[in-house]
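The chains carry the letters A, B, C, D and E, assigned in the order they are written, with residues numbered from 1 in each.
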Amino acid sequence: MDREFITRGVKRCSGGKFLLWILPWVAMLIFGLYSAGLCLVKGLNQTNMDNRFAFGLWIFLDLTVIALGAGAFFTGFLLYILKMKELRAVINSAVVIGVVCYSGAMCALAVDVGQPLRFWFTFWYPNVHSMLTEVTFCITCYLTVLMIEYLPIVLKNRKLRDVPEFLVFEHELHKLIYVLAGVGTFLSFFHQGSLGGLYGVLRGRPFAFREGLAIWPSTFFLFILSAAAVGPSFVLLTTWLVEKISKKRLVRPEAMQMLGRISGLLLAVYVLLKTIDTLVWINRTSPGNGFPAAQYYAWHPFGTWILFTEIALLGMVPALILLTPKLRARTGWLVSAAAMACCGVALNRFVQTVQTLAVPTLSFDKFMTYTPSWQEVGTFLAVLAYGVLVYSFSFRYFQLFPDERELKLEVAQVEEEPALVGRY
Amino acid sequence: MQRTRRDILLFMGGGAAGAMLTPAPWRLVTDAAIWSENWPGIPRPARGEITARYTNCALCPAGCAVRARCVAGQPVSLAGVAGNPLSQGALCAFGLTGHQLPYHPQRLKQGTPEEAAAAVRGAMAKCGAGESVAVLDLAPGRAASWTYRRAMAAVANGVYLAPPPPLGGAAVNLAKARTVLSLGAPLLDGWGTPGNVHAARANFRLIQAEPWESRTAALADEWLPIRPGSEAALALALKDPKTAPSAAQATGLTEKQILDLANELTANGPALVLSADDLPEALALNHALGAWGQTLVARPEVPVPDAWKKAAPERVVASVPDNSIRVLFIDESVPGSHIPWGAIEKKLVRDNPVVVAFAWTLEGYGRHAQFTLPTAVYPELTSDIPPAIDSPAATFRISVSLVAPPAGMADPSAFIAKAAGIDAGNALQERADAIHKSGRGTLFTYADGKSTPLKDIKPDAFWKSLNEGATWLGGAEEPLTRRRGDAEEIPGELPSEAPRLRVSASDTFPLLVAFTTPTPATLSSPLMSKLYQDSDLRMAPNTAALHPDTARASGITGASRAVLETQYGRCAIGVIPDESVPPGMLEVAAGPEILDICGAFTRAKVVAA
Amino acid sequence: MLPWNYGFHWTAGTMIFMGAFYTVVVIVASTLVNAALRSRRALRTRQAERIRWAEDFHDLPARDRQCRHVLTGEFGYRECPNAFDCRQCETHAKLVASAAPDRISEPEEDIFGMAFPLDRVYHRGHTWVHSEPDGTVTVGLDDLGRRLLGEPDRVDLPQPGGRVSVNGTAWHAHKRNADVRILSPVDGEIVATGGPDAPWYLRIRPDRMDFRNLLGGHEIRPWVMREMERLQLALSAEGAAPTLADGGVPVQDIAAVYPQADWDAVCGEMFLEA
Amino acid sequence: MIAANKPNKIARYGMSIDLDRCTGCGACMVACAVENNVPPAHEGATARKGITWIRVFKVDNGEEGPARRSVFVPVLCQQCGEDTPCVHVCPQQAVEVDPATGIVGQMPERCLGCRYCMAACPYHARFFNWWDPQWPAGMEKTLNPDVAPRMRGVVEKCNFCHGRWHAAKERAAAAGKSEIEAGAYVPACVESCPTGAIRFGDLKDAASEPAVAAKDAHSFRLLEKLGTEPKIYYHSKRDWVRQVAAAPKPPNGKENARG
Amino acid sequence: MPFLAGALAALGAGWVGFPHAIYKSRPQPVDFSHKVHAEKAGTKCEDCHAFREDGTFAGIPSLSTCAACHAAPMGTTAAEKNFIDAYVTPNREPDWASYAQQPENVFFSHITHVKLGQLKCEQCHGDQGASDKLRPYQVDRISGYSRDIWGRTLFQSKAAGAVPGMKMDDCVDCHRKQGLSHSCLDCHK
C-alpha cells in the first residue's frame, strides 16, 4: 500500500514485514518516552544521578552518539569539499545517521537538564567562555544544517517529488549543498572539540583537566580527531549492518574500503596524539595539580587496563587493520576493525564522563559508583529506538544508497553473463 | 470560493508567520520560563515586620537562652543570646530548629481529655490499699513539677516519680576544673550546656576514657580506648591504685597508664570525673579527688512559695513496688530523661491501670498509654526550666510561648491538679514572686544583655522580664551538704574484686550500647534529616553501627535491617557495619523505638531481621 | 546574544563567538533563501519538467546515459553530457554533418518481430514523433513501449491546449503496479489527444521542427538491440526467467508473461524514469 | 560577568575554620538550612542527593583501632577567587563572582540545571534540587523571607548567606552608610557554631580573623595546588589533619560504610 | 491570499487579543483615592507608606493606620460606609494587591534607594500618589507576576515621560547609568 512512496526499482520488504520490524522498536520508543516523560514531569529524581554523579548515562550517550554521528560532517566534507566522488554512495546514509545522532542527543539533553523550560536561556544569555555554550550553539546550528541537508533526501521521495515545488526546491538546494557541507564542517569541528573541551577545561577535575592551545585543552583537538576517525567507521558499520539486515548489496566494496582507509589513517594519527597527550598528562599536568596520575587507576574497577584497552586494543589495533590493504579488503576484518574503533571512542567518552566523576578529588571523598535507573535506561533506549526507526523509515522510503539500483542490476548481470555472451 | 487543502495550509502558514510578529509566542516562552520560578508547590515565605523575641530552649535540661528572629511575630530562625553567662550565645543543632517542632508531621493534635478525666476519676475511686496514683515527671524541678508534688501530696497514695538526678543532684562547676576525666560522658557532644562547656574547654585538660572514638574522644586532649564496660574498674583503680592490675586487665590499658592518670588527676587539680552512666564509682572517685566543693557543688535550691513545701517527695521509679500503680500520669511535654517503658510497665497494677500521657507526639509513651492528651510543644509552651547540670548557681528562666498553641491542647498541671482536687493556680508567677521575695541574685535580660541585681527590680518588672526572656541567677553556691540519698549512692568502699557493673559480657545481652545522639528526644525537627539523611554526619534515628566482626557473629551481613533486643523488649533497627566501633559495642542513634527499650545502662543483642 | 540584552559584554570573546554564530546563521539562512528564490524562478520559468528530467537522467546508471553515437559504434565510450538533448550538442552536430545521409531501403525495421517504421523518429523513452502534413506532429508509443505496457490499465492524457517539453512528461500510463511517466519527445502545444487504441497518443504543434534529439534511421536497430538487452537485465534483476534471450519474440503484452516481476521497476528502467 | 562598579569598598569575604574546635555537632548545617530555606530531606534523598550547603565530613587518619583519630571537616563552597571553576563553565551566566564581595553567586532563576558546574567543582559544594522543595504542612510559616526558596531542577550552593548581606546592607543604608561595618554581617553557620570554630570576615582587612588565620603556619586550604585560590582557610595544629588538604589516597581495600 | 488572511488574523489575535487574555484582573478591595488622602491626610507618601524603625519598608499601610482616622465614617459616600462595615468594624485587613510587588526572588530595599540613592517615589511608582481611583490589579496568568513589573508593553517603559518600569532591565539600566554595581545577587535573593 506504501508502494508508491518507495523508490522505483529497489526492493523493500512487504508492509507487514516492515511493521513487524518496527514494532519492537516502536514499543521501545514508547517505553522510552514514558521514562523520559517521568523525568520531565516528576523531575530528575527519577534518575540515579546524584550530586556527585551530576552527569550520567545520558551525557555519555550524547558524547558517544555525537562522535559516531561525525560521519555526516566528515563524509560531507570529503565529498563536497575534497571531492571524493566515491563517497556519494554513502553520503545520504551518513546524513541520516547524523540527523539521528544529533537530534537524539538533543532530545536526551532536553530531558537531562533540570529546567527544560529555560532551554533558551543559553541562547539569550550565553556565557561565551563556557564550552557548553559553544556546544549548545554549534549543535543547534549543526542540527539545523543537518535537517536542511536531510531535506533534499526527503523531498526526493518518489511521491513528494511529484509536487513540482518540492522537486525544484530539492534540486536547487542540492546545488548549494556544498555551502552547507562547509558550514557543517566548521560547526562540527568546533562542537566536537568543545565536547572534548567540556571536560578538558575542568581545572577542578585533574583526571580530566588538560593543558592545550589558547582556550582549548588538548582534548578539544583529540575529540575532533577521534570523531572524524570514527565517523566513517560508523557509516561503514551501519552500511554493513543494513546490508546484512536487508539482505541487499547497497554499496560497492571500493566505497567501503575507502571509508575504512580514511578511518584507519585518522585513527592512527589520533592514537599517536592521544598517547603523547596521556604521557604529558601523567608526567606534567596532573602532578602539577597535586594529583599523582597513578592514583586514578588504583580505584577499582577502573585500572590501567582501561587505558590500555582504550588506546591499544581499541585504537592502535583497528588502526593497523584498517591501514593494511589486505586485511581491509576482507569484509570481516574491515567491519570488525570499524566496530572496534567505534567501541574505542565510546570507551574514551565513557572514561571522560563517568570515570572523571567517579574518581574522588578531596582526600576524604570516596570513589563513587553509579548505576542508571530504569528511567535513564529507558530514555537511552528511546534515543536508540528513535534512531533505528528514523533510519528504517529513511531507508524504506528515501534513496539512502544511490548505487543500490545499479548494484541490483549488476548482480543480475553477473548471473546472466553466460547467456549474454552466448548471444552477442 | 472553493477552499482547498492548499488554502488551509497557506492560511495556517500565514497565521504562524504572523504570530511570530506578535508578542504572543515570545511572551508565552518567557512566561513559561518564569512560571518555572514559582510553579505550584514552591511556598512563598510570609513577609512582615522582623522582630527579635527571646525565650529559653526547653528541648533539654540545659535550657539555653534563645533569640528568635520573628517575621510578623512568627519565629523563623533561632540563635543563642550572646553574653548569656551560661549558654554563651550557643545553641545546638536541635535547639536551632526548635521553632519547627509545632509543625512536625507527627505532631499530636487531638485527644480526649473528658474521657481521660472520667477514667482517672473512676480508677482513683477504685484505688485500693497498696495501690497508688503516680505522676511521672520527666523534667523535675519545674513549677509544674511542684504542682504535681503538691497534687500527689493531696491524694491518698499519691506518688511523685522522677528520673534519678545525675551526679546525685550535685552541680558541676566546669570553670574550676583543670583536669576532666570523662568515662564515656559525651562532654563535647550534648552534655550540659554546650556554650558553657565550650567556653570552659580551654581551661581544662580533657581525658576521655571510652571504648570507641566518640565525638568527645576525637576532640579530647587524650583518648584512652578502654574495653567496653570497664569504666567502673578504671574509676576504682584510679581511686585505689591497688586494683590497678585487675583494672589494667579489664580495661586493656597498661598499669602505668592507669597510675599516670591517677597521678595526673591528683597533681593537676581540681579534677572532675564524669561518666556516661552516672557510675557510683565515678562519684566515689570525685569524692576521693576532693572534687566536692570545687568542681562538684551543691546548687542552692530555687526558692518556692512556702505554701508549696507540703509536697510529695521525689522518688525514682525503681523504688515503687511492682504492680502497684493504678493511675499514672506521664508528663513528657518537656523532654527529659527517658525511662524505658518496660521499667514503668511492671509497676502498673495488672487489672486496668489508667495511664494518661501528656505529649506533643505519639512517638513517646503515648503509644502505650490509654489516653494521650496533646500538649503544647516548645516554643508554644510556657514553662520554667530547672537549672542545668553545669550551672553551679541556681537559675530560673522561662521558656516563653512564642507561638500560640493550637486549640485543644491539654495543660498537664491543670489536669493533674484538678484530678487531685487542688488549685494549680499560676504556679509560675507564684514561684517568680517567691524568688523575688528572696531578694537574692541578679537578673540577666536578653534584649539588652544587662545584669541587674534583683533587689533593684520590682516584682511586676521581674515577672515581665522573665516573660520577655531573662535568666535569674541565684547567688554563689552554698556549702556542700549531704542531701537526699547521698549516703546510699556514694559508696565509700567497694568490694575490691568487683567492678560492680558489667565488666564481663553477659551471654544473653553481649553488646554494650553507646548512644551517639545527644539529647535523645523522641522527635526532632524534620530538618535534622540534614545530619543523617542528606549527609552522613550522624546516624539516622533507630540505626546502630557495629564492628563487622560483631555483625558477622550476630549473623548480619552488610548494611541491613536487624532486631535489637534488650531486657525491656525488642525493636527493628537498621545496622551499619563500621570498623571504628570496637567489637562488643553497639553505637546507637536513638529513636522512639530504641528509647523505649533502652535504659541508661543497657546491654543488648542484635539478631538478623 | 544581543547587545541590548542583559548580560551582554563587549569583550573580544563575545564578539568572536557571536560573530561566528551570526555568520553561520546568515550563511545558512541565505543559502535557504537563495535556494527558495532560485526555485521560485525555476517554477516561474516552467523549468520543473526540465529539472525533473535532469535529475532522472543524472540518476540513471552510467551505462544507460550513453551517447547515441556509442550505440552506432562511432564512440567506444561516451556519456551524454546533455541529458539526451542533442539539439545543443556540438559533437552531435559535427558527427551528423560528417556522416553520410541515411539510405532508407525499407519502410520499417523489424526487430525481434517488433515494427519500428522509419518514417518517424524515436525518443529514447520509447515514444515516436511523426510529422503530419498540417505542420503538427503526432506522438505515440513505439512497439516495445506498447508491448511493455500491453493494454494499459489507465492512461492519463493531458488536456489539449497544454504544453509539453522535450524530456518532460507527456502523459502517464498505468499498468499493473507501474505508474509510468512517458517522456515527451518534442516541445510544443497539445492539439489533440488520442490514446492506446488510437494510432497516436498526442497531436502536438511543435515549437520548432527540430528533432535532432531523436533517433532515426540506422540508429534504431542498435538502440533497440540495446534496449532489449536492458529489458532483459531489468527482468532478470526482478527475478524473471530470461526467455527473450532465447530468440523469442516479445509478445504483445510482455507484462502478462512476467506476472511476478516488479513491473514498476521494469517500466521505470525502460522509460528512463528514476 | 559584571560591568563597572562604583568605587564601593571592595571586600573579599572569607572564612577560617578551626578544625581543632569543630565537634561535628552539625549546628552549622542545620542553621544554614534554616537560614536559607533548604527543605528537609525528601524521603528519597541520600547523602549523595541531599542539599547541604555546608556539610561536615568525618575524616579519619586511616589507622585501625585505638590509633584511629578523627576530625570533623566542614566543607562549604570555597568561594574560589581565581579561575573559579564553576563560573566559566556555566553556559548562561547563572554563576558569577561578585566583584564587590568576592562571593561566588549562583542564580537559581537563571539556572538551566545542566549541572556542568557541579562536575566542575572539586569540592562537591554544589547541590542539585532533585525534588521540588517540600516542607511539612505549616512549616512553610517558618521560612526566612530574606531568601527565596528554590525550585526543582536547579543548582544551589553556599553564598555566605546572601540574605544576611542584604539585610546588613539595608541596616547600613538605614543608618545612612553605604558600607557594612565589620562584624555586622556574618553567615548563619558562623553565628551558630557553638564552639566558635568558624570565623568570618573580610580577607582584605588584615585585622579580620580569617585574614589572621590565613597567615598562620597551621592554616591550609583544600586542594590549594589546583590554583583556584579558595577563600576558606582551615586550621589545625595536628599534622595529619593538614593532610586532608591534599589529594585522595588510593583505597586500602577497606571501605567504611559511613562518613 | 489565504496566507495573508492567516497572517492578519494572527497579528490581530497576537497584538489585541493576547494582551487581554494573558492578564487576570481583579479590583482593589476598597475604593481608595490617593488624591483625596494627599489633600486631607498627609502630603508625603511616607506619612502612610512608612519605614519601620529598622529601616525596612512597611509597604501598604495596615488597617490600623486607616482606622486611626476612619474609626467612624468620615463621609457619607457608599465607599466609605462599605469600608467601615467590611473592614474597620470587623477589624479585617483589606486584601490589597500591590501593583509593585516584586517576585519572591527579588530583594529590594526601599531605604537604600530613598535614603542613600535620594530617589523620589515617583521615579519608580509614577504619579500613583495623584491618582483618584485605584486601577484594577492585573496579574499575568502564567507567571503570576503583577503587570506593573512584568508586562509593560515593549515600548512603554522606554518611552520618554512614561513611568519607569519595574522590570529587571529597568533596574539594571538605572544602576548602569549610576555606575552602581549590579551583580545578580545584589538584587536577587
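The rule we apply is simple: a residue touches a chain if its C-beta (ideal position, glycine included) is under 8 Å from a C-beta of that chain, and two chains touch if they have at least 3 such contacts.
What you see is a predicted model; the values in this text were computed from it and never measured.
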Among the chains, which has its CA centre at the largest distance from subunit B's?
C
With centres defined as CA means, the chain nearest the overall centre is D
Chain pair, B-D or C-E, that carries the greater number of C-beta contacts
B-D
So, what's the distance in Å between the C-alpha centres of subunit E and subunit A?
54
For subunit A versus subunit C, what separation do you get between their C-alpha means, in angstrom?
39
How far is the middle of subunit D from the middle of subunit E, if each middle is the mean of its Cα atoms, in Å?
37
For the pair subunit B and subunit E, the C-alpha centroid-to-centroid distance in angstrom is 50
Enumerate the residues of subunit B that touch no fewer than two other chains.
32, 35-38, 44-45, 50
Going by residue number, subunit D touches two or more other chains at 1, 3, 46, 49-50, 57, 93-94, 108-110, 132, 147-149, 151, 153, 259
Which parts of subunit A, given as residue numbers and ranges, touch two or more other chains?
115, 118, 121, 124-126, 129, 133
Of subunit B, residues touching subunit A in the complex:
29, 32-33, 35-36
Please give the residue numbers of subunit C that touch subunit A in the complex, ascending.
1, 5-7, 11, 13-14, 16-18, 21, 24-25, 27-28, 31-32, 34-36, 38-39, 42-43, 47-48, 51-52, 54-55, 59, 61, 177, 179, 229, 232-234, 236-237, 242, 245, 262, 264-265, 268-269, 273-274
Write out the stretch or stretches of subunit C touching subunit E in their complex.
6
Which stretch or stretches of subunit B touch subunit D in the complex?
36-39, 41-48, 50, 71, 74-80, 90-93, 96-97, 99-100, 102-105, 188-190, 194-195, 198, 201, 213, 215-216, 218-219, 223, 225, 518, 525-531, 533-539, 545, 559, 576-580, 582
Given the complex with subunit C, which residues does subunit E contribute to the contact?
168-169, 172
